[in-house]
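Each of the two complexes below includes subunit A, the first together with subunit B, the second together with subunit C.
So, the complex of A and B:
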């Protein structure tokens, strides 16, 4: 197959895999309502905690921003990392494997569709949160903010693609592991408080999840005064680290997908269901 | 069928459901990893609150609100576990394993079966709650002197509250039977609403007045208030201070009883509708 044709197939696969995610959202509009309102319930509870203990209003902003970013982490866990497990359970994985296309294109399509739909949810949570709780934001550097956000997403979904490859080997463990990666990651990545509060070394370790760096950088750019006392790393350093993570995770995902697919094929796990 | 045969069938359904629930929950890994898994999530959830406090209080946990929050959050572990533990069975058995239709073919009591499946989750939640509380007392210095705990109130409130949650789970199971592609949200939405409205992690008084009234209509609010009074000596909710402790249990018992009647009637109705519409073996592939 020549390169042009390969590229065309790759691109068509990306679009083809992203399509059901985007169109699914249009067909089940009520999902959007649930997926905006559910995180908002949690956000509201945490906002009221901060209000009850007399925290400065910027902390409401920390929670609202963290609450919006949970949508991406949940999407990475349940619609990227666990996706190949779901496909195995529903009998689609074999079809992916025999399809004359790149598995990386399938993962990128999943990520692209996921980013599009999740962004609408995150924007919904952020907008409602800011309006309902009157969050005082002060955007100091728009290009840096956009850059941090985009790099966070690329690195995060690169991690999701890597996890998807790892989860290929597993049965029900995949489900439980995704469950396990919720609250502990919300804790160590500082979704609801500045991650610096955990100490520098813990924050450094938690930076393996790109949202840790992304959230801290975005908070610095949106709440500069309040974050002066809680800054983990300078924004420039975090931007650099996110760029490195994006490249490394995508490369590792590519390698891991090949390795784990081959291993799952040899161990006969690609078609095992209900285990 | 005689009452004796029905009783035997109910007991067998419960016993088998408890065993099955435990296997489904635990046999995917080795016991050590399962123990770690069962504990890490709730402790992490509690620690999020601890660090939220530490960040604002700059290192101090002396705020009188902290024990209130910690105890509420520890017992809230039961809410998610029991509600989802029971309602999730419908999704798992119908959509994932394709077994729900066989449950209806088999000689078992489906209500007892569903409640039994929730027992495994309740057991895991009990361990997680106990560890979270021990962590609070041992590491964070929350004062719960055993000599000052009202053990009787604690035990009765715990039993009544768990029963109320189980019947709420049954209510959700009935709703889940009738829904497609939304069943994942039902349990989460109810658990999330209870987290916000029942004064789990902040006093009801902080809520806008309209939401306070909603909170006052929920049995979970009184359950948590009773548990806090049993463990900490006071409930912490200004909005509920006027209710004497002696009145809390009758309120909780009454609301549990009402919930039981409504849940069973609703589940039976939902079951009938599901039967007529052919939903008992529905596969939505979601």
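So, the complex of A and C:
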């Protein structure tokens, strides 16, 4: 059958769409510096507050880890969710739509490229943070840690793809939504402190953003003693929840993309007017 | 007999846009961008759609390219209904719009073209060869390694043009492919379009334009549309032949005169357009026959105008358009025909 061909096209699409992201990063190295330094400054602010109030050194670790993971949230908001809006403005969206390829492949390519560039950023923040602030870390369970990290990414970028399809219809309004989502999510998903501090219910609500669970689990695995008092849910539960989120978000993204594409086509919103 | 197989076929194709009017507090206004359009394009044809701004050319292409749903009516591309089965349609088509700004600025021309080819599942080695060939053809070989944010508008358009042919589509939609290009570049691209069609007799191109010269020179058949309606559809020669009975004149006149007032009253003046040209009034007339010229000339004299030049012209598609619509193709935009590329 044509299945082989379809799979090849799928794969080529993913690579093709990931390419500009990866190469873009290589061509704008100076940006990289800012994108590592700015989060690091923010991390530093929290670190000094914690030190000033005499918090245990593990708290520095919480913040550095949170700082590294924020990079992914920013990437999902600004380079996944709102991406299709920009693609529409430049006319790329039309070309994606008329290509005989899967839209999911395009979004996965976008995500893959985004994850690659963001990982370099996150590793930069993490390494410098650990070195500068001398974070005491003990890696207890490497497979679990890797598992949590990867599942968090899949679920998070799945959410990004779901949001992206909303942008097909809403355009500019959705852009405001992304703006609106940025700061509150920083606060409630516990980027700079264990989410449990906000109370169980808030933490539960914030868990809709996969990074909440991911961060909490990773902290438990890296700072087991300190997290004993702040544990939101057991790591196993969080792993399971992340897996469910990954599947659900990807499935919903797939469905939403079809639905919104059809609606946008009827309402004449897939293309710019008068282009 | 077996029904003829068309590459593109539309029946009663209609698209209505609802636009909110801000000043009227949410009240909706409807624009009929395409109004019961019937078209049938045969495989192997280079088919032109000629019409002024806002005629519905882009709307037509977007419906055919599965980017927009029709409000009513049907459209089939490569024998497939665009609404029922857009996925299948996409295997057969390609599209380039004049003035589009697609691609990623940080990528080079080559890389951008490669990226788009990947969405068609093309093999790396084949793609590189095709890209090289096409960039030669459009005269962008030197720019292959240029990042596209450094490209001029014309270079960008050449790249987009190359992209359209890169995937070797069975049916290609070109929406005003030469708009905004200099004469030389436009000529190069037109020549390539013609050559590609001659080399690939099984391919079909639907090209929109508001340059009548382009439609005339390039297209096997032309549909003239205005305000969403197909007014005529035939070969350029046949369209012009319909005007053969009539006489087409261009007059230049000096002096203060009101052409509207002058010409409205003369029987046998079928259509006219006028424009101010370096101090003269230029009148283009379609007359029932040559005899009508006499009353026109005496009318001019009567109002104190002085005839500077008089020319009897062979009818052009522009005249066909004027005959059908009542005004010139580029009127309402910049001065009539001024943006026309020279032959």
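As a convention for this text, the second predicted complex is superposed on the first by the 270 of 275 C-alpha atoms of A that agree within 3 Å, B and C clash if a C-alpha of one lies under 4 Å from a C-alpha of the other, contacts with A are read in each partner's own complex, and residues count from 1 in each chain.
By definition in this document, a contact is a pair of C-beta atoms (placed from the backbone, for glycine too) under 8 Å apart; a residue touches a chain by one contact, two chains touch by 3 or more.
Just so it is clear, the model here is predicted, and its values are computed rather than measured.
Colleague: Look at where subunit B and subunit C land on subunit A after superposing the complexes, then choose clash or fit.
Modeller: fit
Colleague: Which partner does A:176 reach: the first (subunit B), the second (subunit C), both, or neither?
Modeller: First partner only.
Colleague: Give one of first, second, both or neither to describe whether A:54 is in contact with subunit B, with subunit C, with both, or with none.
Modeller: So A:54 only meets subunit B here.
Colleague: A:162 in the overlay: touching subunit B, subunit C, both, or neither? Say first, second, both or neither.
Modeller: The answer is neither, since A:162 touches no partner chain.
Colleague: Pick one for A:41: touches subunit B only (first), subunit C only (second), both, or neither.
Modeller: In the superposed model, A:41 contacts subunit B only, not subunit C.
Colleague: Mind working out whether A:270 is in touch with subunit B, subunit C, both or neither, as first, second, both or neither?
Modeller: second
Colleague: Looking at the overlay, does A:153 come into contact with subunit B only (first), subunit C only (second), both, or neither?
Modeller: neither
Colleague: Once the structures are superposed on A, label A:90 by its partner contacts, choosing first (subunit B), second (subunit C), both or neither.
Modeller: Once the two structures are laid over each other on A, A:90 reaches both partners.
Colleague: Using the superposition on chain A described above, determine whether A:104 touches subunit B (first), subunit C (second), both, or neither.
Modeller: The answer is neither, since A:104 touches no partner chain.
Colleague: Answer with first, second, both or neither: which of subunit B and subunit C does A:8 touch in the superposed model?
Modeller: It touches subunit C, and subunit B stays clear.
Colleague: In the overlaid three-chain picture, find the nearest pair of C-alpha atoms across subunit B and subunit C and give that distance in Å.
Modeller: Across the overlay, subunit B reaches subunit C at a minimum of 5 Å between C-alpha atoms.
Colleague: Show which residues of subunit A both subunit B and subunit C reach, each in its own complex.
Modeller: Of subunit A, residues 28, 90, 274 contact subunit B in one complex and subunit C in the other.
Colleague: Over in the complex, which subunit A residues touch subunit C? Could you list them?
Modeller: 5, 8-9, 12-13, 15-17, 19-20, 23-24, 27-28, 90-92, 94-101, 106, 265-266, 268, 270-271, 274-275
Colleague: Which residues of subunit A touch subunit B in the complex?
Modeller: So the residues of subunit A in touch with subunit B come to 28, 30-31, 34, 37-38, 41-42, 44-46, 48-55, 59, 89-90, 171-173, 176, 179-180, 182-184, 186-187, 191-194, 197-198, 230, 274.
Colleague: Going by the contact rule set out above, which residues of subunit C touch subunit A in the complex?
Modeller: Of all residues in subunit C, those touching subunit A are 15, 17, 58, 62, 65-69, 87, 90-91, 93-95, 97, 99-104, 106-107, 111, 114-122, 147.
Colleague: So in the complex, the part of subunit B that touches subunit A is made up of which residues?
Modeller: Listed in rising order, the residues of subunit B that touch subunit A are 28-29, 37, 40-42, 44-45, 47-49, 51-57, 63, 65, 69, 96-97, 181-182, 185, 188-189, 192-193, 195-196, 200-203, 206-207, 285.
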